[in-house]
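Take a look at the structures listed below.
Each of the next two complexes has subunit A plus one more chain, namely subunit B in the first and subunit C in the second.
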Partner chain A sequence: MTESIAILFIFFLLVLFGLIFYSRIQTATLEREQEEDKTIKAIQIAQKVSYFPELQCTTQAELPSGCIDIKKLESFQEIIAQEQNKLYYFQVFEYSQVHIEQVYPENKTWEIYDLRKPEYIGKPLTFIPPKLFIPVPVALHDPVENIMTFGVLHINVYI
Partner chain B sequence: MEQFNWIFVLVAGTIILIFFITIVQKQRMISQTKLAASIRTDISAILTGAGVAPDTTNILTMPKTPISFTCDEEGYSDFEIAKTGVNKKTPFDAIFAPDLVKGPTLITWSKEFKMPFKVMNFLYLTDAQIRYILVFNPGNQLAEQIEAELPDEINKEAIIPGSNVIDKNNYKVKFIFFEPVDTTIITQAASSFRTMSDKDVTAIKISQNSIEFYKKTGSYFTPQGAIPVPKDEENTFIYGAIFSEDQTFFECNLKKSLKRLAVVSKLFAYRESEIKSLAGSGCALYYYGKIEELVLAIEPCSQDLNLCNFPQINSIVYDPFGIKYNHDITLVAQSQCPQIY
Partner chain C sequence: MYISKMKNKKSQTEIMGLVIVVILITLALLFVLSFIVLRKPTTLKKQYTQSEIAANTLNALLETTTPCNKQKVRELLQDCAANAPGTIYCEGLYSCAYVESIINEIFNKTLISWNMEFEFTATLTNITIARGYCAGEKRSQSQFIPTDVGVMTTRLDICG
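This part shows the complex of A and B:
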């Protein structure tokens, strides 16, 4: 009788070890998949923003894809500054920071969107966990001067 | 003692059995959820890709897993994989789809919604097993254009009004009637599909400025009401009605697109006033401020469909001296003046 109980005890102990080992592997796999999901999400945001009608060049630029109209960009800044519109575009950008940097011929930056998770608002950058950073090269078109410059669309997704 | 041994074996055996059954069931649930999550990620990536590239058709072969699409009166929209609870909200995108896609062949088609500037991409989604029957008289230009433009991969067929239609065991059937058509023909079209569930056989009637939805009740179609739509040269709303599950699904996506139109037109109005002030006096006369008029007309409409005045909106966009004409003028003068969109 005692022998049987001991055998059962050891059996369950082994099963328990097996379960703990398996669940650790599962947790690691899950974390990796979550990380992949976040990267995919960041790439999707980058993809959407690159083709956003709100920013895309007019046909006058002769380069409608991968090209951002500076006047649209400035108007978009005005639009998104309004709280109701920020809420509307949250559905696309979620918790992220989006800005466009002109790198040639001269440096210039346009902040488009920045929304941190509520727990990080007002905290210094060092307290915010790492971000996924996606740079996308873009052409910038000034429709008034009709000139093209070169820039980078930066998308930082808060994890 | 021997009796006690048997009881012990029985209890221990039951515990071991329950333990393993529980583990197997949990593992099954975890695997299903993981598969659903993986499909959700894939579908989401595919939808994003299809949504940014206009005028493209994609044929996707996926695991034979049903995907349900929702877009309700409250404006809530998502897609869910195989009733697992694994879903993705789609509040921003206009996805016109049936409420259920069984697979394994998913067809996506995207088109630009312009008014007359590009507002967003519409995504149409269906299954090769869903049957679309277009009913029109030869010579109907709109109907012929729609039939020709619908991707060949879609299970579509064109018939003349009053033709006999047989049930081919599709899990969903949609009739698309084009004006002019006799009401009796519409009402009786469902008779061949009386054995199918009422919600799986639907019909719409397309007119120039509105789309009327029909619901099957037994052997007959009954009208649900007509929804006015804005004029658009690409017929994007007509395609939206063809691919939508029902009137509610269509209205939900119509609201989303009008909301986006309101925001985008406001952006173009800002841009127009900006370039007007910067482009020099020679160009200033080309900017009529028509987009500002569109903003005022579309703002209430994006909140409540009952407040939409589509004839007024169409006139602001397409009439002589409307936005489109204004754009064409700046095109002519493009060497000096920036285009308005």
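This part shows the complex of A and C:
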């Protein structure tokens, strides 16, 4: 009798271990998949912004990759400042913050887009969950002066 | 009496065996669990950013116009390779030293401030700028620049 109880006890103990093991694996897999989805989304936004025709340089009918036209950038800033245009570009940028920083020869920043999730609007930055930061070095072309400067496209995706 | 003692001893040994089996199974489960739970998070973002940074940094760097008579970094490197230490003289430096200081400044504001390990080399010149030891996995980008003394290979490795 005692032996049977002991065996049953051990059997249920093993089943319990198995269940805990399975649930842990499921949780870990789900978390990893979620993390990967967010990363893919951030990369998609980064790709869309890098090859954004509204900002890309045009040199003799060519579209060199990794090059942003400063004049187009300044015009785009004015366009996107209007609320209805911001809504239109939501399909490209989604919930993210995009700005371009010129690092050489002098420091300069152009804010392009910043849209937080509705639940975080008006809240201090400490309340906003961490962002995925993707820096993309770019050449900034000034077509008037015909010079190229070195810049970085900063894409912060709100997750 | 003797038979009963023998039986007791046998069942004790059986239980011991069972305990050992349970312990072994538990250890195996913990081992597998630790592998799954503590596995490093996805490297997708790292791979993307590293290849993108390697390609874009080198392309943008070589096209950057310097304050030295609007010469591009590419042109200063060409002068440095063909006429070391250089014939172009700006801000008290010849082209080799001048272009190296510019590349250093750009890397300080980008790759170094992002805490990245990298190695930049330009053949036909003595210019090598590195941070960290690039021995393992790396993403590379090369560009070939024609000069009067041959083809210069500029290469940027992002380590990690």
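We adopt the following convention: the second predicted complex is superposed on the first by the 134 of 159 C-alpha atoms of A that agree within 3 Å, B and C clash if a C-alpha of one lies under 4 Å from a C-alpha of the other, contacts with A are read in each partner's own complex, and residues count from 1 in each chain.
Heads up, the rule we're going with is that a residue touches a chain if its C-beta (ideal position, glycine included) is under 8 Å from a C-beta of that chain, and two chains touch if they have at least 3 such contacts.
Values in this document were obtained by computation on a predicted structure and should not be read as measured data.
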| item | value |
| --- | --- |
| Partner chain in contact with A:4 - subunit B first, subunit C second, else both or neither | first |
| Partner chain(s) touched by A:40 [first = subunit B, second = subunit C, both, neither] | both |
| Touching partner for A:94 - first (subunit B), second (subunit C), both, neither | neither |
| Subunit B versus subunit C as contact partner of A:25, first or second or both or neither | second |
| Touched partner set for A:114, first subunit B, second subunit C, both or neither | neither |
| Subunit B and subunit C footprints on subunit A, overlapping residues | 40, 50 |
| Touch list for subunit C against partner subunit A, complex | 11, 15, 18, 22, 25-26, 29, 32-33, 36-37, 39, 41-42, 44-45, 48-49, 52-53, 55-57, 59-61, 63-67, 70, 72, 102, 105-106, 109-110, 114 |
| Complex contact set, residues of subunit A against subunit B | 1, 4, 8, 11, 15, 19, 26, 33, 37, 40, 44, 47-48, 50-51, 53-54, 56, 58-60, 69, 71-72, 74-76, 78-79, 85, 88, 91-92, 143-144, 146 |
| Of subunit A, residues touching subunit C in the complex | 3, 6-7, 10, 13-14, 17-18, 21, 24-25, 28-29, 32, 35-36, 39-40, 42-43, 46, 50, 65-67, 103-105, 132, 134-139, 147-152 |
| Complex contact set, residues of subunit B against subunit A | 4-5, 8, 12, 16, 19, 23, 30, 37, 41, 44-45, 48-49, 51-53, 91-92, 117-120, 259, 263-264, 266-268, 270-271, 274-275, 278-279, 334, 338-339, 341 |
